[in-house]
Amino acid sequence: MKLVIAIVRPEKLNEVLEALYANEVRGLTISRVQGHGGETDRVETYRGATVKMELSEKVRLEIGVSDHFVVPTVRAILSAARTGEVGDGKVFVLPVEKVWRIRTGEEDQAAVTPVIPALA
Amino acid sequence: MKLVIAIVRPEKLNEVLEALYANEVRGLTISRVQGHGGETDRVETYRGATVKMELSEKVRLEIGVSDHFVVPTVRAILSAARTGEVGDGKVFVLPVEKVWRIRTGEEDQAAVTPVIPALA
Amino acid sequence: MKLVIAIVRPEKLNEVLEALYANEVRGLTISRVQGHGGETDRVETYRGATVKMELSEKVRLEIGVSDHFVVPTVRAILSAARTGEVGDGKVFVLPVEKVWRIRTGEEDQAAVTPVIPALA
Amino acid sequence: MNAADTSWMLVSTALVLLMTPALAFFYGGLVRSKNALNTMMMSVASLGFVGVAWAVAGYSLAFSPGGAGLGGLTHAFLRGVGLEPGPAAATIPHVLFMAFQGTFAIITAALISGAIVERMRFSAYLVFITVWSLVVYAPVAHWVWGGGFLGKLGALDFAGGTVVHINAGVAALVAAVMLGQRKDFARQATLPHHVPFTLLGAGLLWFGWFGFNGGSALAANGVAALAFVNTFLAPMGTLVVWTLLDLRRSGKATAVGAATAIVVGLVAVTPASGFVSPIAALALGSIAAFPSYFAILWRARTRLDDSLDVVAAHGLGGTVGALLTGVFAQKTWNGTADGILFGNPRQFFVQLLAVLVTIVFSAGATFVLLKLVNLAVPLKVGTREEGLGLDVSQHGEEAYGSGEGAILVLPDARLSVAVPIAGAEPAAEGGTT
Amino acid sequence: MNAADTSWMLVSTALVLLMTPALAFFYGGLVRSKNALNTMMMSVASLGFVGVAWAVAGYSLAFSPGGAGLGGLTHAFLRGVGLEPGPAAATIPHVLFMAFQGTFAIITAALISGAIVERMRFSAYLVFITVWSLVVYAPVAHWVWGGGFLGKLGALDFAGGTVVHINAGVAALVAAVMLGQRKDFARQATLPHHVPFTLLGAGLLWFGWFGFNGGSALAANGVAALAFVNTFLAPMGTLVVWTLLDLRRSGKATAVGAATAIVVGLVAVTPASGFVSPIAALALGSIAAFPSYFAILWRARTRLDDSLDVVAAHGLGGTVGALLTGVFAQKTWNGTADGILFGNPRQFFVQLLAVLVTIVFSAGATFVLLKLVNLAVPLKVGTREEGLGLDVSQHGEEAYGSGEGAILVLPDARLSVAVPIAGAEPAAEGGTT
Amino acid sequence: MNAADTSWMLVSTALVLLMTPALAFFYGGLVRSKNALNTMMMSVASLGFVGVAWAVAGYSLAFSPGGAGLGGLTHAFLRGVGLEPGPAAATIPHVLFMAFQGTFAIITAALISGAIVERMRFSAYLVFITVWSLVVYAPVAHWVWGGGFLGKLGALDFAGGTVVHINAGVAALVAAVMLGQRKDFARQATLPHHVPFTLLGAGLLWFGWFGFNGGSALAANGVAALAFVNTFLAPMGTLVVWTLLDLRRSGKATAVGAATAIVVGLVAVTPASGFVSPIAALALGSIAAFPSYFAILWRARTRLDDSLDVVAAHGLGGTVGALLTGVFAQKTWNGTADGILFGNPRQFFVQLLAVLVTIVFSAGATFVLLKLVNLAVPLKVGTREEGLGLDVSQHGEEAYGSGEGAILVLPDARLSVAVPIAGAEPAAEGGTT
């Protein structure tokens, strides 16, 4: 089991999600984050104060996958999230020792395969 | 040392916290996230536009524990967070190489045992 | 490759960022989180209801670094984030198996070295 | 017709109308964000449904000539409501009087919603308030202001202590009991998601209330000025006392408390505003802080999920105001009647009677009405919908949408033919039309 | 001069002025948070730029004596606009009439912005609305109200169905087409970031609209009361019908829909308000819900990025209102003219003519103007700036700043000398001054 | 008594009262979210504490007959303030005049708070503004409007350039210096957490200011119309100039700047509004943009933590307005006095004197008062409380609560007996009552 963590641009999120679903990756968790990297800073002004905004809005995806799913998952993200401009983000793959599905108590591989909703 | 990551329903958060405290797990960090899994999508309408909301609100817990604490921690989460309906969430256990407590510089096991506040 | 995860006080964030930049750590991702540890709870009152707020605002940093960068990174955080009072936070170091830079597809070490913006 | 009086009543009517959106924010700020729109819509909908019901029949039932208990249908569909002054107000167009009174019906119905937020099925709510405005509000308005028996008895209710606040407060109590608690009530902390909205609502309510009380003089005269100034002073007294009570209790002067205090002061002075001296209004407002303050504390320990404390603020505040009107009323200021303090204890008992009659009728009628509505549409949403939040379940919307993970559902056949005007070429780097 | 009329017109002018900030919130809530300030500033800027243009020349072009098509420059720079009553309003100071009409010019220009939010360069927008108010708004106002040919023809437009709403709606259509779509249009769901703001805007707009329509009587008389009450009733009808349509379509009564309904009802009753009976206004408002409701559904399926549906709400709503004025007008209420229903079909065709003339002129003139502005300043921002959001790219600000990662840029030389008053010693544990 | 004048003054009083909640939003949007409620409560509290102080003694000290420096106690506790017109306003009820003036006292005290947000202990603040309204505001009001020496000297201050704005601005300066800086001042960027609130506040302030200036005519006459229209035009000029200055400086027209500009224009025209011609008001507003614009830029480079720039906006704006009144005043418009431009340089020096006297007195008296308050209650909160935010530390609340991790503290003994009404059975799937 691995945990794939990806930082992507918010405006690319929907494309990334579609690419993942297309690759049968249906279980994931996202959160809004802010990132710093090579992007140029924005400057803002509030009355007399000038402010340099060093962080840009990003979205973080966290996806638990079984080992043989790592490559298609990462590939889907890499191609859907790319714009070619600085700030596209990163993908990290971390080892996972154990996974449980809370609803059933199922473990590991079984835990990360979502039920397919009746009408999907 | 392990890092336990749990994705749970927001409405179950308080119960999970209580279960954790009851099991002597007192150090943890949470964040609001959004998840996609087997839950059915919500449909919303804004004027002429119909929108499918594919993500549901979840809460993510991140808990650094020493190895022998993993099982009670996970067990507390599994039982407190369960509703039995699709969408209850997951628990991941990741290996950790090193931990520091910023305040003291203490490392590893010592770093994750919180001080007990005087009046607790 | 390692992933350094740090939980720090929001009011210390700017100092931590400066310390990291000073140590050549320029790629990172942050998010607002809430933490529970040894801090005393705040009490709030809304009309008749008295409420104990068990979580305090924190900021979580996530920094992918190559192995030899772990020590300076952690050291920078430890010294910049410390106030000496309960609630300063933690640093975790996790193993990473693989990293990609989305923009270029570069892997591992190359993936986490940000471009230096022209005018920096 | 008098132009100056008309000018003031035009303004007053606009001011009272604004109170209902204001209430939407006062209440909306106090609930959780997943129910913010639903709570606001409970007020907004009243502007439509109760407003139309008022024009169709409510005004007539309340104000057209009829018996001691109810008006007739002479003015149904606004028949005979014209630009010449009507019987109730000799110096302003009849139609304007109708609108002014309509704003009262609207906000009274909306006030009830505070007791049943975060759990009532919206369609059931729509039916409930529409009918309520006809079968509960209109009769009580008739009794006090439309020529009915309470007015004839000499009950003093300048701008609606009984008709509006006690009436709404009692209906709120009945509704809260009949709907039952929210599933998280007393189990989980349900924090106000947006206290600034509550302050905004309180500020706009105060502003609108000048029309509510000042306009109830139906003219730009000394009585209007008296009612206005009393509406200015009473909440100041309440606010100061409430803040001091807060500081004494916990050392913290809460903002939710301040907003509540303003409303309680306004409620309490409503029946009294045209009848008592300004300094008495200040006293009345200060006194009225106590019962409501402690009632709110006490309510939180009971099992009664009157979620936004409509009973304590409006029911109790209105009762205190109506009774204190019988204490502080002063003929030298109002030309009508004295209260206990000025040697007329009878007035106090007339007030008490009016309060009791209103309570009994409102409770009974609301109970029966809700029972009937429940037969047609279940009053309460399911637990799942409650958990999801009523914004999504009842309105299909989120108050604060971020758009993350929102997938646009394309209509089956997105029209591929250009819209008629699409021939014009796009400017600059514009999109392809 | 009449003090009561002056009193009402002072209030009305203030009320209409408030409508522009209200519009800022109505529109601002409907966009994404990264464009919230830009959208609001499009209204706020109109208060400055169009307001000044009005004082400098707009008022004169619209209301000073001139030809059938345009007024003269007699009153440029407010020359001859004094405290004595002017020709247009016999009982209030001339200068007050000027200000009242100025508020109309301001909001009309601001209304257009709803069609072009989230993508227009702010400097180009400033030039556009300023000039538009002089070359499009002022002439049309002159035609209808300033002694021009439409007024002479007998077109009924009580408070601006043609001048304000059709005019703005058509300009909005042209502008939306010329700017082209937003880059995410029909590709991504763009959710309203703050629906409560939209409700707040709708509430304040309704409140202000009482001045807009009621004040258009220019006196505190029966006509003002009629216009006022019609402004009270019509949106109620629209709101009820819209809610029922919503419930029928999806079972959910949307809050965005309710806010839209209120505005549509207000728009539709604007030209009719002083001419039709109250019950006709209620009918008119109810009827007006249908075309706008379905136009909004239909628009979402086209390629037209009229982002906040200005065409459906104002263009179409105004047209429906202007035409229905020719249906429901009733001499016994307005003393001026009857509509079809009361035996005068001619009026309907005069209304139709006024609508068509306004559409043609507004479309043509707006088109030419935008072409010219585009030569000087590109109308649309670049795709990158659009992606980043116009708040940051055009205004250098965020609507909801958290301060995270914000580094204060110290001025080159932070003055190390103390400020003059720094001698006073800091209190308590105060910082070092 | 005149009904039309009464009608206008009722409205004006309500409008000015609304300015204080408006200010709460103007200021509240500019601070960090952890201090939002505290900042708003600093305004709201003034509505209670200063309002009550005004009724108890402030009105009497300012407006009852007395010496050149201070009024007497004749009207303490509103004795002798009745429904018949008072000496100061011959056509409206005395009690209404009292309330109108009370709204001025309330907002003046609240204005000061902008300089000391995010760090003042709330209880100390309550004591400070209550006493300040009696010992600083009331005397200055007496000097200018209550029969005191500045009015006798012929100083022109139509609606409070000296009494309100310079007075508050100077007190703000002294308070900012005495409290010292916030701990993050000039160390960390402190961004406005909610710019739309600031725009909302500015919009409502403008709306209310029509009552402030227009109502200062105390009648619905030509002077009221003049003051009203000047209040309409001046901020438009300021807004345009400010926007152009912003565009010139950084290419970005900031929204915070626009909101500030509106307020600066309103401040500057306040003393002049009833004395200058409309076109002069437009000029005055435009000119007034410059000093305040650059003062704000300059202040940010100093060590003075006048956090929300009260000094630059109100102190400086008021001074510029008061002096320009001595330049632009025109007898043909005001019937009272000319300024320099119309051949009367003396007026300018009278204005200058009034400004200086107000500055000196306000600075001295505020300094002494704060010193005394500090003896009783430390003015500033501790660094920890400042870090935590004043909402939690002073009010025990959060502005935007999410409820995460919030544990309900059950009262020691949750009443297990049912509440009286609990017998009624719950409806549908309702909770168990």
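Order of writing sets the labels: A, B, C, D, E and F. Residues in every chain begin at 1.
One rule holds in what follows: a contact is a pair of C-beta atoms (placed from the backbone, for glycine too) under 8 Å apart; a residue touches a chain by one contact, two chains touch by 3 or more.
These numbers come from a predicted model, not from an experiment.
The chain pair C-E and the chain pair A-C differ in C-beta contact count, and the higher one is A-C. Distance from the chain D centre to the chain E centre is 30 Å, each centre being the mean of its Cα atoms.
Mean C-alpha position of chain C lies 49 Å from that of chain D.
In terms of their C-alpha centroids, the spacing between chain A and chain E amounts to 43 Å.
Within chain F, contacts with two or more other chains are made by residues 2-4, 7-8, 11, 188-192, 194, 250, 252, 254, 256, 300-301, 396-398, 401-402, 404-408, 411. The set of chain C residues touching two or more other chains comprises 14, 17, 30-32, 34, 36, 44-46, 49, 51, 54-55, 94-95.
Chain contacts here are complete: no pair of chains fails to touch.
Looking at the complex, you find that chain C touches chain B at residues 2, 5-8, 31-40, 54-55, 58, 60, 74, 77-78, 81-95.
Against chain E, the residues of chain A that register as touching in their complex are 11, 14, 34, 36, 42-46, 49-55. On the side of chain A, the complex with chain D involves touching residues 10, 13-14, 17, 30, 32, 59. Those residues of chain D whose C-beta lies close enough to touch chain E in the complex are 1-4, 6-8, 10-11, 13-14, 17-18, 20-22, 24-25, 28, 36-37, 40-41, 44-45, 47-49, 51-52, 55, 77-78, 81, 83-84, 92-93, 95-96, 98-99, 102, 122-123, 126, 194, 197, 394-403, 406-408, 410-411, 414-415, 418-419, 421-422, 424, 426-433.
Looking at the complex, you find that chain B touches chain E at residues 44-49, 51.
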